[in-house]
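Heads up, the next two complexes both have chain A, just with different partners, chain B and then chain C.
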Partner chain A sequence: MQAFPRTLPPRRRLLLGVAGVLGVIVLWWALTFPFFTETVTRHERVATGEIVTRTHPVTGETLQMPVFDTVERTESRHRALVNPPALDTPGNTLRDAWTLLTVERPGRPTLLTHMLRSTLRILLGFLVSASVAVPLGIAMGLFPTLRALVSPIISFLRPLPSISWVPLAMIWLGAGELQKLAIVFMGMFAAALIYTIEATIKVPPDLIKAARNLGASDRQLLWRVLLPAALPNIVSGLKVVVAIGWTCVISAEIVGTQEGLGALIWLSKETADTSAVLVGMACISGIVLLLDLATTRIERHLLPYLFLRERGS
Partner chain B sequence: MTTVLEARDVTMRFGDVVALDGLSLAVAQGEFVVVVGASGCGKSTLLNLFAGFEAPTRGEVLLHGARIADIEPRCGMVFQNYALFEWLTVAQNIGFGPRMRGRADPQRVADLLRLIGIEDFADHYPAQLSGGMKQRVALARTLANEPEVLLCDEPFAALDAMTRQVLQQELSRIVQHEKRTCVFITHSIDEALLLADRIVVMSARPGRVKQVLDNDLPRPRTADVQLSEYFLDRKRAIWESVQEEVLTSLVRAP
Partner chain C sequence: MGIRSTLLGALCCVVAAACGDDAAQPGDRAVGSTPPGAPPAALERVVYAGSNWYGHAPAWVGIEKGMFAAAGFDVEASPFGSSPNRVTALENGNAQFASLGEVAMLEAMAEDRTDFYWIGNQDIAPGAEGLVAIGIERIEDLRGKTIAVNVNTSVHITVYELLKGAGLDLATDVEVLRGNDSAIVDLVRSGEAQAGIIWEPYYTKLREIPGAVVLGTDMDTSIYERFKTMTGPDMICASKEWVDADPARAKRLFRAYFEAVLWCRENPDALIALIAQHVNEDEAKVRPVLANFKWLTLEDQAVVMSDAMLFGQAQVASEILVRMGLAKKVPDFRKWTRPDLLAD
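Moving on to the complex of A and B:
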């Protein structure tokens, strides 16, 4: 037995993973299960049914007034360690999720609409920012002059969290879809650009020398060597950028929309609807995982040589 | 014998560093010249000049008497780290040069695959190959371009000793078969003796030609040849010549 084994058999890894998730659910359930019975004593004024006649001290009117008595009432309530609205039981949360998924109310679209809307916003933002950032990044990777010119601006933009773009985006663009697109774009752009620049710079110089030596022209060097050589790193960078997109879209959906997982989360906060918040968050994770699986599939298809093992000798 | 490639009184300076200082070397048609020298003696710089990757600070580099002014595809380079195109299959890698020059020739690719003994791996990607196989492909890729001169920049340095031995013999065979002119750089004296018609010993920085030896060991240079008294004498002589330079460069490190 190694002191620090590096890997585990896949079956064991799967079992442990399932155990981890189950552990969290059991903990959740334990926290929200109403183990305790709490006795609450309340004092209530109750009308006795008796009516007395009194004279009003100022006006001298004759008034009929009911007689009240204070009664002590004890009630027993079931309590858990954590109670709603902080956290509901897993069962109730699941039921709420089902309601969110199936019941559409005015101003409250179904979960599917939320998911679709946010995903569309991200994909659109991604397409726009990637189609600017990738060509620009490649050019910056190739030409140090351009890199020197643009790098300081990028260094300024990069640290800005997407949420800090919300005020400007609203002032300039209102609260419509364009504002949301702009926030998502700004959040993704700097990252996409930096990944592309790095991918381009990292192309081994010997590959370029070899291609030149074999007679490749400038154009051939770009399209046949530089691009394919940089592509794997660009693609893996863009995968990270899509994940970044989620932070952006949640920021973008703080205001001016009732559709989107961000809107769902922010609006549910107002009504202390913890279940809806949790369901919204779970949906984000789920979609990110699915998108990642999908992109890896596409990667395997487009760049098969990255997924090979050494053979022969 | 006609001179194919020539460096005439070449000086190469990088800032304050003089990499080559008044170096002259002529390579004849069909000759296998091996350049031996301590690390940092400017061996690679010399190859870069021959390939046209760089222009000399002073002096001239000539191919068939004409000055090499730009990157020169007629001087085909084989790199130490193979520099294969990972996204292309073995066959596509080999066919790259002719394809770029609008002269794709599947038959020549097939012939080369056979020549280097990797026809079964034509559709494999470089990631699926061992180091020795990769260097075979890189060699074939360079040969596919029909270079006048084959420039080898320590191509076997990253390989294990046994693979290296096999590839040295293969290179010898291929270069003779294809009647190529070859300039080969190494820091291994054994490799030099095994491959060369002529061995050029370079001095430590600044790089100059210190000594030129004709290597008349009989071919093929089998294990028997490598263990002969004559081989060992030669090795000793070169080592003594190189040793001085290694020591000089060590004192002056880096």
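Moving on to the complex of A and C:
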């Protein structure tokens, strides 16, 4: 048996994954199960029987008001280690998720609408940012002069969190879809650009030299050597960028929309509806997983040789 | 050696003095600010959760005019963002009392969150929030239009009521665009929303947009007509743990607080100057907003906290919140009250 095995058999990997998820659910259940009983003091409002004459502070009319006092009572209640609104039980959260998914109320989008709206915003933002960042990144990777010119601007933009773009985007573009697209674009663009530059720079110089020696033209070098060699790393980078897009869309949906997982999470936070916040977060993870599977399929289609190599190794 | 020890000692004193204030916790005994002429006394540190809204003025008055200090408290007024954050601050002990919007309070009660008390209501300011449209003269004409709303707050109930009064349903007849404070003004100004509803001072900014028409205020709702109060007035709430630990101490604090409310009522001009200084605003801008305020004193609370006013209003507001899907149930809000704290 290897001391540090690099891989596990698929069946074992699956079982361990399921065990990990079940472990988290059991821990959640244990934290929220009302194991304890505590005595609490309740104060009940009781009329003393006395009546006083008071003036209504707005209308000025004279009213006969009963006088109230407080009677202290103790009662026992069941408590968990963590109680709502901090965290609800897995069962209640699942029930809330079902309600969000199935119950349609006027003016209250269903969970599916929230998911679709956010996903569309991400995909649109991704398409726009990738279509600008990839060609620019390749050009910057190929031409050091362009790289030197643009890099300081990228260094300035890169550390800015997407939420910092919200105020400016609102002033410049309002709070509509364009503002949301802009925030998602700004969040994804710098990352996509950096991944593309790195992928292009890291193309082995031997490949370029060999192509040149074989008499490849500039065009052939770009399309037949550089791009195929850089593409695997560009695609890997873009997969990360899609996940980054979710942090951007949650920031973008703070204002100006009722639809989207960000809107659901922000609004549920205001009403202390922790279950809905958790459901929104779980949906994000689920969609990222699905998008990841979809991009892997696209990757297999675009770069079949990578997977052949993987199978062969 | 002697000089070095003296310097080291002095340095330690400076560091200790610098750290001492930060280390003080609510409930600690500390020497706080006292009114002019009064002997310095050991005051109990208490945190008040508020914001820059004028409804917090009694807390500022209580601090500056010495009502709290005279009652034995060193009150620190801390900004705690939105009302839901202030409810949480009371629950987790970060603040001992707060003024917050009724909607956040009712929603917390609907979630059975019992770690705070509803003490009373210090003011009503009807007419300080309104629905403003650009180029639209009647509420009926808002059908199919977009309205910018600070959802889950008093204006959400106000717009619901105003539309209902005109035969429109907020959920189906108009599009709601979510925003807060200045974002509402931006959404209307940019044309993304044809109407917006918000409170002061943003309400004034909304009315200043060219072509703005005021379609209604919270005074045009059935809630105001029935209970003579707003759709979501400011509420005074307190941490249950802090109150239960020493109800007599809490009673002393709220008597001092309502003394400050009485001062607000009796000194309107001085209050305008105090607020203007506190929020860094021109007195001329504060004056018209404050003209709508009615300060509700300790004596008023018997009527305020009854079916004739806030209990009746809270019942209706809760029912609306349930219909809008913002609360899961109508809470038995009387269970959160403590009339003994306001009794003679």
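Quick note on the criterion: the second predicted complex is superposed on the first by the 258 of 313 C-alpha atoms of A that agree within 3 Å, B and C clash if a C-alpha of one lies under 4 Å from a C-alpha of the other, contacts with A are read in each partner's own complex, and residues count from 1 in each chain.
Heads up, the rule we're going with is that a contact is a pair of C-beta atoms (placed from the backbone, for glycine too) under 8 Å apart; a residue touches a chain by one contact, two chains touch by 3 or more.
In this text, all values refer to a predicted model and were calculated from it rather than measured experimentally.
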Query raised in the report: Once the shared chain is lined up, is A:255 touching chain B (first), chain C (second), both, or neither of them?
Result: second
**Report entry** Residues of chain A touched, compared between chain B and chain C (which is higher)
**Finding:** C
Query - Which superposed partner A:56 touches (first chain B, second chain C, both, neither) - result: second
Query raised in the report: Once the shared chain is lined up, is A:4 touching chain B (first), chain C (second), both, or neither of them?
Result: neither
Requested in this report: Answer with first, second, both or neither: which of chain B and chain C does A:217 touch in the superposed model?
Outcome: first
Query raised in the report: Of all residues in chain A, which touch chain B in the complex?
Result: 204, 206-207, 209-217, 220, 224-225, 228-229, 231, 303-306, 308-313
Report summary line: chain A residues touching chain C in their complex are 40-45, 52, 54-59, 63, 65, 67-70, 84-85, 105-108, 170-171, 174-176, 255-258, 263, 267, 269-273
**Report entry** Interface residues, chain C side, partner chain A - complex
**Finding:** 82, 84, 87-88, 104, 107-108, 111-114, 117, 124, 151-152, 169-172, 176-180, 183, 186-187, 190-192, 228-229, 244, 294, 296, 299-300, 302-304, 306, 308-309, 324-327, 334-335, 337-341, 343
Report summary line: chain B residues touching chain A in their complex are 51, 53, 71, 73, 75-77, 79, 81, 83, 85-87, 96-97, 100-101, 121, 124-130, 132-133, 141-142, 145
